[in-house]
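The following blocks contain the structures, represented as structure tokens.
After this come two complexes, each holding subunit A, first together with subunit B and then together with subunit C.
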Partner chain A sequence: MKKMLNKLMVSRPESLKVWLLIIFFGILFTIPLWVKNPAILTIFIYTFLYAFYGASWSIIGKYGGQISLGHAVCFGLGAYISVWLHQYYGISIWLGMFAGGVVAALIFLLIGLVCFRLRGLFFILTTLAFAEVVRVIFNYPLSPLTNGDEGIALFKLQFMEKWPYYFIALAMMILVMIILQRIEKSKLGYYLAAIREEQEAAESIGINSVKYKSIALTISGFLSALSGAFYVHFLGWIGVTDVFGIMVSIQPIIISWVGGSGVFGPIIGSFIVTPVSLFLALLLGGAVRGLNHIVYAVTLIFIVMFMPEGVTGVLSRKVYHPLRKRFETIE
Partner chain B sequence: MDVNVATIIKVVMSGLSYSGTLAMLSVGLTLIMGVLRVMNFAHGALLMVAMYATYWFFTLFNIDPFLGLLITIPLLFGLGVGMQKFLISPLKTHENQVLVTFMFAVLLESLALLFWSSDYRVVETSYSGINIHFLGTGISLLRLTMIVVALAIVGGLHIFVKQTKMGKSIWALAQDPEAATLVGINIHRLQWFTFGLGTAIIAIAGAFLSQLLATFPHVGFHFVIIAFVVVVLGGFGSIGGALLASFIIGFITVFSAVFIGIGYSELVVFSLFIVILVLRPAGLFGKVSL
Partner chain C sequence: MLLEVNNITKAFGGLLALNHLSFHIEEGEILGLIGPNGAGKTTAFNVISGFHKPDSGLIRFMGKNISGHNASEICREGIARTFQQVKTFPTLTGLDNVVCGAFCRTSNLEEAKREASRTIAWIGLDKERDTVVKELTLAERKLVEIGRAVATKPKLLLLDEVVAGLNPTEVDRMIGLVREINKSGITLIVVEHVMKVVMSVSDRIVVLDRGVKVAEGTPKEVSENKEVIKVYLGEAYA
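After this line comes the complex of A and B, so read on.
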């Protein structure tokens, strides 16, 4: 048995990764069968959702090397547009979330075309300013529709049970992993890597940096809107600061930076960050205000200062590669 | 709205005092951004710290806000120097620096929320309510003083940068860090001094604003974004540009708040910001680009 396993491992260089993935998703797919506790399933659903959201951010933030501080715009627009389409026109939320995605993608495309002609700092500033504007618009002029921070309860929940949400969120996470994998191995991925490492050099060999960064930003915005729509329909409530607030923009950054780059970065990041933050919120709740954010801030500062490659970077250097080497030498 | 001389004077006065506030905040920020190429998102959070420091010194020890400057200026200078030494200079890329300053701002704001709750606090001194009567309307003495002080700070900083040896070396650093090293300027010492200088000015703004506005944990967040818009419009590292841009943005904000609606002033300012980015990203007087 062990020999057979070893043979499978070394037959292809990537086979250890494939086996780890099969085990990982095998466990995830069977969890609803033996875990009936809705609280634990909820934690898993949020973990998948934020993995999806973090991965969407990392398309522009990690692959493109452009820090966006305004992804809450997409998250919130995806949420509100799908809710409105459902409430006023009776359109299914699963279609409505794509409509939100298209709107968010168009807005981000516009921001990209304006900002990417300039240096990265302008982009950071514009995204942040834009997120503020949209939050203000949804808070004051649109308050008859949004009810501000009081929010709207969404009574028509799609499913009463947790497990359908669980599988949808899991499917979304797998989908985003496939998308990241495709981007990484495509022309777009190589161009983005070149632009990220040395923009002048990339442009000198004829790569249109504005075009490719804008494409990455558009994809990122579209996917982020989907996560916003899923979030509010799972939560059953929508409030302005909850989907447009600054912490919504920071959440995916923390997940991507804790996790590191690559397909697995945001996934592992979310499996570390999301349960911890949910436990903190549950345990401390409203008793200690701001503590959640303090933990976030200290974690991110620590990661940026001392572990910029993230957990996946360390894991792949310290665990994965030695393990692979051992499998290769067994034969 | 009933428009008469008194209303116009009131609107112009609040435009001037808001512009003065922006000038005090953005002049330090433009120095930091022009010289160090660092986007300091913690600038607003440091304003919050300065306002709370003023408030607590006043409430607990009955120290006058302006006497308190003797403590708050060194405090803010120290915070700035500490940030530059321990958080920013070890990092190499702009992206990492932005993330760290931003999260440092979140950290400061959350700590304030944790210790002092989100209550609004105002410093009420014996002179904070004094109004000067002028053409049938009252003008706050404090606001008037603030405008004068803001102009004095900008003027003083301009003279410092243009006339003194240290100021000239700061300007050299802004224009070409490598050449500055070649002519024997100690750039590390200068970098933390510039950062400290930029943040120390916030203490003065804090002394005024803690009496004019309410102090609460997120008070700085609004200001830092507007201050960035001002810095971009004025051109990175341009002190005169920051002053002019403060007045442009300040008056646009106040006029749009009065004549369109409170919620819309940010919308107008940020739309203007996008227009600036498209038409003239180097700003009005931009020489140094990021």
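After this line comes the complex of A and C, so read on.
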């Protein structure tokens, strides 16, 4: 609270930011009171969830500078482990989510340690390869347990209404924003920036890049697994390709790239991308199969070519900095 | 002896960059490392600072064998370095660059910022501290890189061609800074091509040619050494 008040007194563009945040989240908190349409609430829930997932990815993908095409591993493992623990052993969903997160993070870390030996494109491809291997394992050898792509309908839904899921997802989104903010202003955040910009120089000032990339990867993996767990418990159904497929790995990347870097990037990205993609899937999914995937791909190409810094980058350049300069000359 | 380089050999494929190289440096000295292009000066730096592993031989720092340790370990053990192509973190501010260095000795952001501020003030970069480094001039970026290295509180600092590309005023400022750093208790090895700088700043000089030490001594001794003249200017002038 004190920090918020301090911020309000700092300078005008900063306090504008804080006010916008207060209004924004204030509105979000009250939506379930006046919006009862379950479809609209569902759109919000997915928007919050993918903001959370996109932000989790960005910990290694943007802050760490290591683009991973394999996050489906965490998402899917988080989903399956929490479902197994809950459906077959009666362990509470919360505990199951946590356990899923830990296991997924550890497995992802092992994969990462192998991949970190590779640079650039090869790292990216290897993460993709691992994700596919895991998907195939869950689909064929493990199909008695997973029922492959036909999936398993969860026989116990935690909540009958939408609004509990709404608030949980909203809380998760706020939590991940706090986590990103804490990372940015920490040794880990500075070190990741250093590794990202000049890895050799980073090593020369005592930064063990493998160690810090691994920390980022583990946090990212843990949080991504929580997204997977939430996803399946909300959906009420779990299928192999639905949680391990390549679209699951691409989703957070699109959200992070569209939104831009920083704490707000994935949030903005998800608010733009998720509702649009849900509508596209609804409108086009039936008509031409895979059309929404094509739209996704084209969007990603467009963003990378013309707006690689994403929305926050553009806002920062065109709105925030000129605004700041204006206020600096006035004061 | 602060650092002992003992019989180091390093080859890259067929090219023998360091050939049974040995030299040492005492605490508090400024050692100049000179030699024609390709003599192995930067390779020697890379081996000492852990970026390359020597094929044979050993390196002892403060009595401890550090050959084969990796770069980040060696920094934590007390050896810092700069690079020939300045490698500052371009989108970070001057201050944040140095903060990254300060984090070597603390995990606390406030403390790192304090240390970094102190270092920046000492180096004379106060004006540039909040500027994003890619907008700084070469001389300013070199100072940031040095500040960042100094913030890791090294006992030994390796400076690789630190005056390259600087104008005469900047060179003098740099010479002054090198002496200040030495006075504050940091031992230095300085690789340089600009003779005036090496001669004026070094207590002792080691001359390399093709991976081998060909001469060693005070600046005066080295400048009069026939071998050194031969190595730089050819047989005719020796």
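The rule is short, and it goes like this: the second predicted complex is superposed on the first by the 303 of 331 C-alpha atoms of A that agree within 3 Å, B and C clash if a C-alpha of one lies under 4 Å from a C-alpha of the other, contacts with A are read in each partner's own complex, and residues count from 1 in each chain.
The criterion applied here is as follows: a residue touches a chain if its C-beta (ideal position, glycine included) is under 8 Å from a C-beta of that chain, and two chains touch if they have at least 3 such contacts.
Quantities reported herein were computed from a predicted structural model and do not represent experimental measurements.
When the two complexes are overlaid on their common chain A, residue A:I43 makes contact with neither subunit B nor subunit C.
Counting the residues of subunit A that each partner touches, subunit B and subunit C differ, and the larger count belongs to B. Contact with subunit B, but none with subunit C, is seen for A:I294 once the two complexes are overlaid on the shared chain.
Of the two partner chains placed by the overlay, neither subunit B nor subunit C lies in contact with A:I272. Contacts of A:R119 after superposition on the shared chain: subunit B is touched, whereas subunit C is not.
By the document's definition of touching, of the two partners only subunit C reaches A:I207; subunit B does not. Once chain A of one complex is fitted onto chain A of the other, the partner contacts of A:A194 are limited to subunit C, with no touch recorded for subunit B.
Once the two complexes are laid over each other on the shared chain, residue contacts for A:M307 go to neither subunit B nor subunit C. Once both structures are placed on chain A, no subunit A residue is touched by subunit B and, in the other complex, by subunit C. Those residues of subunit C that touch subunit A in the complex are listed here as 49-51, 70-73, 75-76, 80-81, 83, 87-92, 96, 99-101, 103-104, 107, 109, 112, 145, 148-149, 151-152. Only residues 65, 67, 69, 114-115, 117-122, 124-126, 128-130, 132-133, 136-137, 139-141, 246, 250, 253, 257, 288-291, 293-294, 296-298, 300-301, 304-305, 308 of subunit A touch subunit B when the two sit together in their complex. Interface residues of subunit B facing subunit A in the complex, by the touch rule stated above, are 39, 87, 90-91, 94-96, 98-100, 102-104, 106-107, 109-114, 117-118, 217, 221, 225, 228-229, 232, 261-264, 266-267, 270-271, 273-274, 277-278, 281, 289-290.
In the complex of the two chains, the subunit A residues touching subunit C come out as 185-187, 190-191, 193-194, 197-198, 200-209.
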